[in-house]
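Which chain is which? They are A, B, C and D, in the order written, and residues in each are numbered from 1.
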Amino acid sequence: VEQLNVGIVGLGRIGQLHATNISHIRQFNLIACSDPFVTEFNHLKIHKECEALFNDDRIDAVLICSPSSLHSQHVLMAASNKKHIFCEKPIALNEPDIIEIMSVCEKNKVKLQVGFNRRFDKHFSLLKEKVNDCDDYLPHLIKITSRDPYPPNAEYLKQSGGIFFDMMIHDFDMLRFLSNDEVVEIYAKAWDQGEDLYESANDYAMALVQLKLKNGTLAVIENSRQSNYGYDQRIEVFSNQASFNVGNEPAHLVTTIDKNGMRKANPKEFFLARYDYAFKQQLLAFFDAIVNEKAPQVGAFDGLQAFKLAKNALQSVQSNKVIAC
Amino acid sequence: VEQLNVGIVGLGRIGQLHATNISHIRQFNLIACSDPFVTEFNHLKIHKECEALFNDDRIDAVLICSPSSLHSQHVLMAASNKKHIFCEKPIALNEPDIIEIMSVCEKNKVKLQVGFNRRFDKHFSLLKEKVNDCDDYLPHLIKITSRDPYPPNAEYLKQSGGIFFDMMIHDFDMLRFLSNDEVVEIYAKAWDQGEDLYESANDYAMALVQLKLKNGTLAVIENSRQSNYGYDQRIEVFSNQASFNVGNEPAHLVTTIDKNGMRKANPKEFFLARYDYAFKQQLLAFFDAIVNEKAPQVGAFDGLQAFKLAKNALQSVQSNKVIAC
Amino acid sequence: VEQLNVGIVGLGRIGQLHATNISHIRQFNLIACSDPFVTEFNHLKIHKECEALFNDDRIDAVLICSPSSLHSQHVLMAASNKKHIFCEKPIALNEPDIIEIMSVCEKNKVKLQVGFNRRFDKHFSLLKEKVNDCDDYLPHLIKITSRDPYPPNAEYLKQSGGIFFDMMIHDFDMLRFLSNDEVVEIYAKAWDQGEDLYESANDYAMALVQLKLKNGTLAVIENSRQSNYGYDQRIEVFSNQASFNVGNEPAHLVTTIDKNGMRKANPKEFFLARYDYAFKQQLLAFFDAIVNEKAPQVGAFDGLQAFKLAKNALQSVQSNKVIAC
Amino acid sequence: VEQLNVGIVGLGRIGQLHATNISHIRQFNLIACSDPFVTEFNHLKIHKECEALFNDDRIDAVLICSPSSLHSQHVLMAASNKKHIFCEKPIALNEPDIIEIMSVCEKNKVKLQVGFNRRFDKHFSLLKEKVNDCDDYLPHLIKITSRDPYPPNAEYLKQSGGIFFDMMIHDFDMLRFLSNDEVVEIYAKAWDQGEDLYESANDYAMALVQLKLKNGTLAVIENSRQSNYGYDQRIEVFSNQASFNVGNEPAHLVTTIDKNGMRKANPKEFFLARYDYAFKQQLLAFFDAIVNEKAPQVGAFDGLQAFKLAKNALQSVQSNKVIAC
């Protein structure tokens, strides 16, 4: 198979991002999209209803980019119609739904890949490679920093599921990816920094989470919704053989120096710029999983585990207690 | 006009690069190519003879990617057939040919853009912007470093025209681009580093060139054909108001630290990786010049001036004398 | 007063460090030292008993550098003899002793400065200055990394009081110094990394501690006794106006690059090299406090607060519970 | 011998620097100084006439820190009186004087060390070590950048001997030090940048010099008297096995980041801060040469060679010709 026919359910920001990327990837042929509000995008056929895609026999695979609350419903419909599925995170908003999804996908023999794009970042995947290369490797500490430049608007914030489900879920997945291990204990703090925006959305401006993995490794993840200086994405892994870090990609390489000091560029502004390569790579990996009948590099079980960590983190914040996972 | 039909003359390394890039740029529609040896590339129609392109009425513009010795001939044929022209550097191998080219293009009212891709690099173009932003700006010194990771093969080397015409011509153009000024004096040294490869090609492994611009600015350009550590592309501009530098893009961002020290990535390996963005941007600029009837951002006169500097540099090496330009 | 006469109680590693530094500081005249085992150091008079120093009328001030278990006893003797006191951390091994020390020093009108040398580091004191310069400044997050290159020997380790009292006490003080605030809640994890050295000393190879300050600021402190790559001392402070970090001082500035990558120096090896300047500055500050009758920049109350945090951190590790301070 | 008695001739800026450093070096005992204008410095005995030092039998060695025009006279008097000599650069203002100095020092069996302090910088001496460690090492290119933050005052400038004798002489020596080789050809440009200060002193604001060494290595040295951003001291050495660079020591390590970008410290402001360690190390090396009867690490011949390069550089600027050395 040289090319797959695909459809996209949902043409919001992330749906449009995938549509644009797919137009540059010869392995995919974008047949149609569905969105209740969008009527036109790059000369594509846009259906109002997603069923039109699920019922289209030409379509091999769908990308589920609808609002999070509709993910599980759309995934189940796609699976029943034997479409392979790429689904944005989170794949559902509760555990039973995720477990049903896993079962339905298996029964229908369709692949399900979850949109944890950062696993496909070239720096982070190289980091994992180097970390795993160490003989007798056991990291004793992993530090993950993940800070957005500015908050989403109030409306998005209210529907986002909150900082743990919307943002830190990526970092929970990254921790599992890098460590090949599972979290056994979690303690989380979060703070609205006294700003109405977060309080009224029942959300937080920042969160600081401490985790313990099964093999003893400790970890700390830190998120902010408003760094004010750009999209700060850093990871450090410490082991006895060697330690590693991945810093930020700067927006540009021009350094200016005068009597007031040396000025360098901030990190790339946001995720579109920072993870451009990763967004494309994850689609190629999806193609590879389907065509070569492999398990997707990041599947429903990964979606489930990250979801549970987000839930436990929130419970820890609310109870101010350590939660065993 | 939303799209132009183009043809490519010559499908060697650089021709194929442009063909691939064009396939991702919706402003261009690649109609056909010509190459005496290549028979198939990405399902494209490949003619043996370039005349087939020049005579094709559908074609609005051609990219001249043939061997340097054929550039002027192909450019003149294209211009006579009213095709707009993007020509790889150098546009000819002697000054009268370049002057004829300028005149024929003007007469036939076709645009000619020269392939000095580095002008379109985002870091260097931002550098120029910052440099020119300084009120009362006058740089007193410009330093350009440009080092290839490893030499071309012996056969290419013999036909390359030598380090000044093949490599440093890019840096001569960059100096003119950044300074908005012309060189009035040049002194050049070059060395084969005792290696047969260069001696037998009548070429040099490295060159170090000192220049004076009309407004007094001094400059130094350094080239190596074999850095052994990657593609080293750096620029520094010093003025009294502020100084600037552009460093290398690292191949990746993973830092490793252990008891033997800290290790970071080398610069990106070579020009394909380093100037990927610039190669695409220069084609968009070519489209813009044609469609909006602007002068190309880098035209035949720029090709002429860089060519003359390469010639003077070589003469300086051979005579060990300062050459007035 | 241009010069003070001082004595040093205890000529172990840190006592010798201060003795050497004092010999280069014209504000101090080192009269005598005491140590039960050391008989000679730089031609100085060494008493077996510390009483000889406390009874010496010429001596204005003493530096208490004896083993931690003797600190409170030596401080009390010095205060009763009207000697100003510079005391290495911790000033005592329990809170009542510290409170008695505070009272006795006040009654005898002697200054007591605690050896939290890092407050006098030029980078960290500049960091504090910049952080406090921000109008409406409120950091939401402070991250402190403090990692030793290699563990102390087994004997030292057993007497050190453990990672929280021996190492992290510096970081607890730094957090209070930078934030001008007090900790209200602490959660700590620690791990021996499966090594006998720590288990047999009832200590840990590493610790990761999360703290909440009165004004809402969150903090995380991380210690390791064995980084294997040098003395890693970094701080980050995040606020909405601006964020700041202090990186490591490299051992040297020579970068090597070849086909295997770019190599840079590790951080300076250990505290003697890294905090050389700070060790001298804290003595000058001690002189200033005495001569100009100021409160020491870091006094007994600071010693008390850091001590209590170390105690709470240990209790958190042992109970795996959040501790309110 | 554990200590040498020394005297200092000339208590200007550099003489006072050495006097202060010597007070912290136990290998030297500063007996007396001479200066026609200074009457008091750190409680030292200051003679009006330098003869008082040369005739003082207690004095083993003298530091010549008088104005450059008096160096040769003072060195000859010192040598005749059997004093070992540390002399600031340049040791004389013409070649015959230097040659006479070499002969008189040899006849009187006194050591003469020249004040090329940068050879004792820890980064540059490590650079030399690494460069020389490469088997089959032959650097093909050496780049030296040396820029003062701001110009000296007009009076100093007029007496300084000009940029080549006053500033670049250090870099000429560094080039010989790093390469273990001699210059055979030089081409120099210099520019007053249109400023009266330099024109009226018959001097230049900047200079750019290209050199060829006997073994083929090319080099470029760049000086500015007014970088406006600090004391910029960088070196790069390129060979086929490996390449090396030494960057600037930053004034501090605090990085600030906000929406306007990332700000880092400038290089250390000037030579006192940057070469503090080197100034002390060169005195220890002087002690070592005397006491252990070694040739000084940098002697009169080095002073002569650097002087000749400065002379040739100036001649090249004035003639706009390449000068064979």
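Basically, contacts are C-beta pairs under 8 Å (C-beta built on N, C-alpha and C of every residue); 3 or more make two chains touch, one makes a residue touch a chain.
For clarity, every value in this text was computed on a predicted model and none was experimentally measured.
Q: Have a look at C-D versus B-C and report the one with more C-beta pairs in contact.
A: Contact tally favours C-D.
Q: Would you kindly say which chain has the C-alpha centre located farthest from the C-alpha centre of subunit C?
A: It is B.
Q: Need the CA-centroid distance for the pair subunit A / subunit C, whole Å please.
A: Roughly 42 Å, centre to centre.
Q: Measure off the straight-line distance from the CA centroid of subunit C to the CA centroid of subunit D, and report it in whole Å.
A: Roughly 40 Å, centre to centre.
Q: With centres defined as the mean C-alpha position, give me the subunit B-subunit C separation in Å.
A: The separation of the two C-alpha centroids amounts to 58 Å.
Q: Could you pull out the residues of subunit A that touch at least 2 other chains?
A: 228-229, 241-243, 257-258
Q: Residue numbers of subunit C touching subunit D in their complex, please.
A: 24, 122-123, 126-127, 130, 241-249, 252-258
Q: Name, in rising order, each residue of subunit B that touches subunit C in their complex.
A: 228-229, 257-259, 261-266
Q: Would you pull the subunit D residues touching subunit B in the complex into a rising list?
A: 138, 140-141, 143, 187, 189, 191, 193-194, 205-206, 208, 210, 212, 216, 218, 220, 222, 224, 226-229, 238, 240-243, 320-322
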